[in-house]
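One structure, as C-alpha cells, below. Some questions next.
Residue numbering begins at 1 within each chain, and the chains themselves are lettered A, B and C in the order written.
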Amino acid sequence: MLVFALKRFGSALLVMFAISVLVFLIFFATPGVDPAARIAGRNADAATLAQVRHSFGLDRPLPVRYLLMMRHLLIDRDLESFVNRGSKVIPQIVQATPVTLSLVMGAALIWMTAGILMGTAAATLRGKAADPLIMLVGVVGVSLPAYWLGEVVNLLTQKQFHDSLFSWVPPPGYVGLGQNPGQWALHMLFPWLTLALLYAGIYARLLRGEVVTALGEDYVRTARAKGLSERRILLRHALRCSLIPIVSLFGLDFGALVGGAALLTEVVFGLPGIGKLTYDALQNLDLPVIMGTVLYAAFFVVLANALVDILYARLDPRARHA
Amino acid sequence: MPEPLLDVRDLRVRFRTRQGLVTAVDGLSFSVAPGEVLGVVGESGSGKSVSMLAVLRLLTNPNVTVSGEVRFRGRDLLTLPDKEMRAVRGREIAMVFQDPMTALTPVYTVGWQIAEQIRAHERISRKEAETRAVRLLSDVGIPDAASRVHAYPHEFSGGMRQRAVIAMALSCDPALLIADEPTTALDVTVQAQILDLMRELNTQGSAMVLITHDMGVVSQIADRVLVLYGGRAAEEGPRRAVFHGPRHPYTWGLLDSVPRVGGPRLRRLPTIAGVPVSPGALPEGCAFAPRCRLRHDRCAERPVLTPGDVASHLDACWLPPDDRAGLRLTARAAGGEQSGEHGEKQSEKQGRDTEVAS
Amino acid sequence: MTTAQDGTAVPTDEVLLRATDVTKHYPLRGARRVLRAVDGVSLEVRGGETLGVVGESGCGKSTLGRCLVRLTELTGGRVEFGGQDISTLSTRRLRPVRPGMQLVFQDPQASLNPRRRAGDIVAEPLLVHRYGDAGAVRRRVAELFDVVGLAAAHLDRYPHEFSGGQRQRIGIARALATNPRLIVADEPVSALDVSIQAQVLNLFADLQEEFALTYVFIAHDLGVVRHVSDRIAVMYLGEIVELAETEALYTAPAHPYTQALLSAVPDIDDGTLADDGPPRERIVLTGEVPNPADKPTGCPFRTRCPYARERCATERPRLAPGASGRQVACHFPLAG
C-alpha cells in the first residue's frame, strides 16, 4: 500500500512538472510573444524594455528562467503578476479557491442526486412513457450551454421577474460561507443549478444505461430467485454495481471542475473563482498567474484521480488486488 | 403415485418479437414428486430453461406472456400475488443457474449474499444468518468455510462459486431445487464433484429439476427424464426406461449422436439432419417431423404424449407404439444408408436444405 | 500407425509436425513469477493422423495449439513443420509456410468478422496468399462452400444469418482455402448443440479422408476426442502427462490423472455399458487444478493424485516412452 502511494505520488509530481514545463514553453518559446513588451506596456522604448527584461530575469537562458519562476512560485511564494504589478499569485489563488469549491461541491451534490434519481427511475420505468420523458429532460440539460443558460437565468432573476417572482434573488457575486451562510447559499443557488443541470443530464443518461445493463445480469436474476423485493434488487444489487463506473467518472469531472473547468459558470455569475482568475490571466497573457492556476488545476486533477482509484477499490472488490 | 410437489399443466410461454409472436414453450405439462429428480433435456431452443424460469415467474421481459397452470403445494404460482410469490422463491423453490462466474453480485462477500437470502425469508439476526452461512458453505464442501465466508465471488474458482451458489440455494431448505445446467460451465473433474453433491442432497430428501443438454449427466442422476423439443415434450419416463428403451426418434438421435467414452468407435456418428427448430417457426404438426427419418403423413398432425409399454413412459410420436426398438434400428439404417458414397452427398444436401429453410 | 477401424485413411509414417520442449511463459504483472501456460511439451504429429489434445480449462492446450502453428511466439523449444524449423523464422520467411497450416477456432461467432460476407471471409486467405485472379478465387470459394456443405446461396450472407453449425462450416472452409496439410482445431465443436456437433465431426472425418489432412484436435470433451483421434495427448498444468493410442488410453489409462479424468465423465447408461466389463471405478479428485503461476514442485499432479508418494514431490517425472509406444510422465504408472 505504501509502495502504491509513493508510486502514485511520484507519478503525480512528474505530471505536474511536465505540465509546468509545457505551459512555460508555450509562453516563452512561442515566437512573437514577448512578455517584456506586455509588462512594459504599449509604446515602451527599447531601454525600458531592456530594463524590464533584466529586472524580471527575462534575459537569462530558458531553463534558468523556468527554475526562477518555480522558486518564486513554490518556495518563496512571492511570484508576482506581470500585469498587476505587486499582486502576488499565491494569495490570488488562495482567495479564489473557496469560491470555486463552493460552486462545484454544491453543484456536484445536486447533479449526483438528480442524476442518480433520474437515471434509476428511467431504467426502472423502461418501456413506459416516463423513461423517454426523463431522458428528454436530460438531453435538454446537456444541450443547453452553461453561459447561455446562465445569461437567461440572470435575465429572468435579475431583470424580467426581479420585482415579482425572484425578488429574493441577490445580485450576482459571492459571499463567503464564513461571513453569512444564508447569503452564501442564496448567492450560489442559481450558479449551482446552472452547472448541475448539464452534468445531471449526462449522469442520468450514463446511469440509466448502466442500470439497464445490470438489470439484465445473471446476478440480478439470482437475486430475484432468492425472493428479494424488487426494490432491494434495484438498490442493493443493480444500482450498487452501476455506481462503480459512475463514481470514477465523477471523480474526474469533479477534479476538472475544481481545477477551473467551471469557468463559464463563474464568469456568467460574476463569481471570482479559479476559472475566472485563469480566464482573466489568459486575456492578459499574465504568465505567472496562468502558471499558478494551471499547476493548481493539475494538482486537483491528479488528486481527484488518486481519490477515484481509492474509491474504486472501496466500491469494487475486484479492483483491490490488481 | 404420491401427490406431486410441482404440477405444471399446459404451460405456454410466448414472446412478442419484431418478427411476430414466438412460442418458446408450447403446452408443456409435467410434474415432480417429492424427493424426485427430474432431468429435463433438450437442445438450444427446446424451451427447457424458459419453462423453468416461467415456473418461478422469473421472466420479467414485458413482451412475455405465460399461460397455463403451475401448481406447487396446491397453489397456482402463476396467479399468486407478487408478495406471496417472493416468499416462495428462494424459500420453497430455489434455483441454481448455469454460469457461476456471473451468478453472484460481484461487490458483496459470499457470506453476505447467503445471509441476505436467509434474512429475506426468516426473522433472524445478522449474526445468526452468518453463522448459518458458514455451516452451509462447509456443508457443500468448501474448506475453511469460516474464513471463506468473507471472500468475494471473484476470489473463488468456478467450482467453488458453484458450490457457494448451491449453498445459497439450500439456505432456506427449499422443497424443490431447480438447477439450470449447473455443471456445464465446469471442468469434468469439478462436474463430478458437483454431481456428487447434488446426489447427496437428493438422498437427504430434496426434490430437484435438473436442466441440461448432457445426456450423460441426466443418466447419472435423474429418476425421471423429460425430453423437450421445440417447446413441447417429446418423451417422458423413468430414467431406465428412457435410456434403455427410448421411444421417440428425437431421443434416439440425441443418444446416438453423442460420441462416447466407452463402447465401439464409429468412424461417422449417426446424426440428426438439419438444425433444431427455432421457436419462431414451429410446424403445425409434430415439431420434430422435418428432421425425422421416419416421418409419414400422420406427422402433419400434432401428436400428444401417450403411454407406451408402461403407463409411466410416454412419448409424442405417431409411429406404431410397439417395437420401437426395431424402428430405431430402421431409422439408424436409413441414416447409415445415406452415409454411402452417393447417399452421403444426398444427405448433406438434405441437411443443407433444411438449414436453408430455417 | 495402425489402420483406422474401417480401413480407411491410413496415415503415413512421416512426421509432419514435431514439437521439441516447447514452452510458453507469460510474465505476470507486478510479481516476478511467470505463468507457465505450456511447460516443456514434446510431441510428434504424423502425416494423415489426428492427434487429440485433451485437458481441463487452463491446462495450456489452446496455447499449445497456437504455438504449434506459431500464432504466438514460443518462450523456448522448437517446432518443425515438414522438416523446417518454424519457431525462429522471421514473419516474412514464415509467409510461404503459413498456407500449409491452418487453425479452426472454438467460437465461430467470434472468429468471423461480422461485417463481411461469408464468401469474402473464405476468400480472404486466398487473396492474402495470391491464389489467382478474381475469377479463380470465386470458383475456389464456391468449391469450398460445396465441400463443407454450404449452399452457393450462402455466399453473400453475413455471419449472423447463419446457425452455429453453419458458422463453424464457414470457419472450416476458410481454413481449407489454402490447401493446408495440417489443421489445428481448437475446441471446434464445443459451442454446438449435440446434433450439430455430430454433423460437424462427420465433416471433419470426411475432409480428412478427401484431402489427406492431418489434424491436431484440441478439446475438453473426452467423448469427442476419443471419436476423432488416432492418438491422444493428455495435458495437465502445461505438460503432457500421457500420450498414447486412443484405444489404449481409454481402456487402460496409465497416468492417474487420465484415469481420474475418464472416470469423471458421466457416461450414458443405456444398458450397453454392462457388456464392456466391470463398471469403471470412479475416482473423484478432490480440490481443483493449481494455479499455473504457482505449480507444485516435482510432479504437477501430485497435489491431487491419490497415489502420490514422496518421490513425486521432489522429482519431476519425464514423459517417457513405454514398451507399447505409450508415453507417461509418472513415477508410478498404472499401466505399461
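Following the convention adopted for this analysis, a residue touches a chain if its C-beta (ideal position, glycine included) is under 8 Å from a C-beta of that chain, and two chains touch if they have at least 3 such contacts.
This structure is a prediction, so every number in the text was calculated from the model and none was measured.
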If chain centres are mean C-alpha positions, then the most distant from subunit C is chain A
Most heavily contacting pair of chains is B-C
Per the C-alpha centroid definition, the whole-Å distance linking subunit B and subunit C comes out as 30
Expressed in whole Å, how far the mean CA point of subunit A lies from that of subunit B is 55
Note: in the complex, subunit C contacts subunit B through residues 4-6, 8, 56-57, 149-151, 153-154, 163, 165-166, 193-199, 201-202, 205-206, 220-224, 226-228, 246-247, 250, 260-273, 276, 280, 282, 284-286, 288-289
Listed in rising order, the residues of subunit A that touch subunit B in the complex are 127, 217-219, 221-229, 232, 236-237, 240-241, 244, 315-318
Interface with subunit C, subunit B side, in the complex: residues 43-44, 157, 159-160, 187-193, 195-196, 213-217, 219-221, 243-244, 253-255, 257-263, 265-272, 275-276, 344, 348, 351-352, 355-356, 358
Given the complex, residues on subunit B that touch subunit A span 56, 58, 60, 62, 86-91, 94-95, 97, 99, 102-107, 116-117, 120-121, 152, 154, 165, 168
